[in-house]
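Next, two complexes with chain A in common: one pairs it with chain B, the other with chain C.
This part shows the complex of A and B:
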């Protein structure tokens, strides 16, 4: 389901290039105020939903491309009387009905399928199986299972956890010892959400931050490639995979102000 | 289909190669195109980002290094009369990475060089047909620019065919190549780290065994009198090779350090 990421992780900068003395982050860290959080996202699995005028316009442009394209060399591609040829002719006959220019200009249509000898195509039909297309709306969508990773396939889902105060936040925790931000983020994610997730974190620098009263959380972006979150009940009582709108309704308004720009619209 | 008057032949017969575009940009984008715009582009921006403090530190280090090199440089001073001699094509300057100048794939050129066309130019038809099947677009025949007596090549001889892909067709071709064809190849482990033309464009070369691995070609492989290899040139807006590698690895194109197989290595 999830493709393995093959990206070059340490592009240009080294693992410690963001951690130098004298930067703002160092100052915050020195005061033991910095926390490392993870913006963990499940990328969209299917292409974007196209509706209404967009869908109609796409159909029109695709038809224009089809009609003005090179003539398809049927004799070259298909053996006469083969099941593949019959299948193609059925599709062509379906397309005959479409004509987006004015109706007077539509040329006479002749069914391709009926050209062939009836006997052969009848046998071929039995061999033909319709291609099964899975629905875009999954079981998780229908049941509203917010813990499932197979919900809202065309959207980006982000991992939210319920912390000890009952607030929905992105997984975050303190930095221990001399560890750098991205190491701390990964470790905290493992501590809070378990080791059963296969994660790829993007680079070494944060993509956003949230300033709370006593600490500042810096978020490292990550993608989940496989597995599922299994929260540690002491650190997080609950978790969910939420879209951008669902995050807005779940988190506090100040948190949303900080976190909003990091999130994808899709 | 031949001789049957239908809407398909009515419009298609007017132009063998489209002189103008019949459609404007579509709202629909292919899978790889959407993946790039919605997911990959953000990651590229994050990976390329250098914070101002680090950039200042790198700039200062670069300056001291240049200064030391100039001071320590010995030997004869450069000859001003030879200043006009540009040995290498100057590379464009590396821009500061921002959200707006992340690299993207600009153009993919599929090119087939047909050696058999030296004897008989009709062999190019196989190449043109192959290009049409692989890419969905009509190939352009290229003529030789120079003479090469060693191969009996004369200037102006048709010798190869190419298709330049942009937009959705380009992404579809790349998707097919990376997801279907490369995994089917025997012993293909990826592009070398030395690959690239120095300014972020990459070329993959394939022999005739690979062309049959395309799903479209499997159906009609037997029909081809001549099966050729092909090369794929990926032109990116990256300005240097590492940036280009970053972009293409994001699409799933593997890159590997060249390692000798165990049979060729030994311990002393």
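This part shows the complex of A and C:
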């Protein structure tokens, strides 16, 4: 709560009165302890599919609206004998079988399509401009390619790199000179993962931190908009794009404790 | 009252005379043609008749009649829906607060560690806009899901 009020108020002069590291020596020592990392995420590309209770409830309420609606003036909207009218009649016939109330109260079903004089099936063949619908489950999902950015389209993927000690961590590195956190984070990401990524870092401040024995890493949030990570082999031997659960199984337990609250479930 | 409304209220003969008053040349010529055809013949669009019939002459809709069982079923569904969305929004709120808490703790730790970095982190970013490349998620993915070339050819 205190920190929240601190952030809301205007900083300028006020901050100095709270700072503990006043001297230049302490400042240098403190900066050496801080490290800047990037929590780089690939946002979901498809929305969550409505499933289970929500889907069924939606069907019920949509049917209720349909059944309670005003009579559809079909002669106003459709030209007699047009293919649009035929399509509509087919849909109406499909909907006849839907009834969520007591079965005794269900009205007698009459097929609209067969009612029309002649009942001809659409002779005029419309040029079927099929809309290309691509599947939500991609090749990368099937092959389990963890380096691909086309995997798990409905989830957020985070970039993990394998550091020199063989530990899976978010890309991070030390601060150089008079660098600020967000500049250091961007520079370290470029050094570790290459320049072929288009990234949007959000804001100047950290979204989380991890306290290790000799340093504290502060994470700046970033979104990858294009390109791919190409790790520099000296700084990172491997990389992967992982969901929240995959991160849990990959990183050490102390790292997970610090990093867990930052991550999105979706 | 709009011109359309005025036409609806008037009879078809009246409509013809309305059109005659201060109308375009084409309309007056059509009116002349209709007049020449004889009395009782109207030059109004048949869709106006259709609309008038749909709006005023059709039976009002009959809402479905629910049995006691149906009512109970409906109320149960409403209640279940309410509970479901309450739980969902509570989960979302919990996650939001968790993420904010992590950010808060990071700022507190940064303040303790280094005042220069803390001050720089507290500055507000000027002119924040979302990048043009950022895509809104859709139900199904695009043809080219990810641009690995990053815009370069």
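Heads up, the rule we're going with is that the second predicted complex is superposed on the first by the 185 of 266 C-alpha atoms of A that agree within 3 Å, B and C clash if a C-alpha of one lies under 4 Å from a C-alpha of the other, contacts with A are read in each partner's own complex, and residues count from 1 in each chain.
The rule we apply is simple: a contact is a pair of C-beta atoms (placed from the backbone, for glycine too) under 8 Å apart; a residue touches a chain by one contact, two chains touch by 3 or more.
Quick caveat, the model's predicted, so the values are computed rather than measured.
In the overlay built on the shared chain, the residue A:77 is in contact with chain B alone; chain C does not reach it.
Touch criterion met: A:261 reaches chain C, while chain B stays clear of it.
Residue contacts after overlaying the shared chain place A:69 against chain B and chain C alike.
When the two complexes are overlaid on their common chain A, residue A:106 makes contact with chain B while staying clear of chain C. By the touch criterion defined above, A:133 lies against chain C but remains apart from chain B after alignment on the C-alpha atoms of chain A.
In the superposition on chain A, no contact is made by A:174 with either chain B or chain C. In the superposition on chain A, contact of A:57 is made with both chain B and chain C. By the touch criterion defined above, A:91 reaches neither chain B nor chain C. In the superposed model, more residues of chain A are touched by C than by the other of chain B and chain C. Looking at chain A, you'll find residues 3, 6-7, 11, 18, 20, 43-44, 47, 54, 57, 67-71, 75-76, 203, 205, 207, 264 touch chain B in one structure and chain C in the other. On chain A, the positions that touch chain B within their shared complex are 3, 6-9, 11-13, 17-18, 20, 22-23, 43-44, 47-48, 50, 54, 57-58, 61-62, 64-65, 67-72, 74-77, 84, 96, 99, 106-110, 112, 115, 156, 202-203, 205, 207, 221, 264, 266. Within the complex formed with chain C, the residues of chain A that make contact are 3-4, 6-7, 11, 15-16, 18-21, 27, 30-31, 33-34, 43-47, 49, 53-54, 57, 60, 67-71, 73, 75-76, 100-102, 105, 132-136, 138, 149-150, 153-154, 175, 180-182, 196-198, 200, 203-209, 211, 216, 218-219, 223, 225-228, 261-262, 264-265. Taken in their complex, chain B has these residues touching chain A: 1-2, 4-13, 15-16, 18, 22-24, 26-31, 34-35, 38-39, 42-43, 46-51, 53-54, 57, 129, 132, 138, 219-220, 223, 242, 245-246, 249-250, 252-255. Interface residues of chain C, counted against chain A in their complex, comprise 47, 50-51, 54, 58-59, 61, 63-67, 69-70, 73, 77, 80-81, 84, 95, 98-99, 101-125, 128, 130-131, 133-135, 137-143, 145-151.
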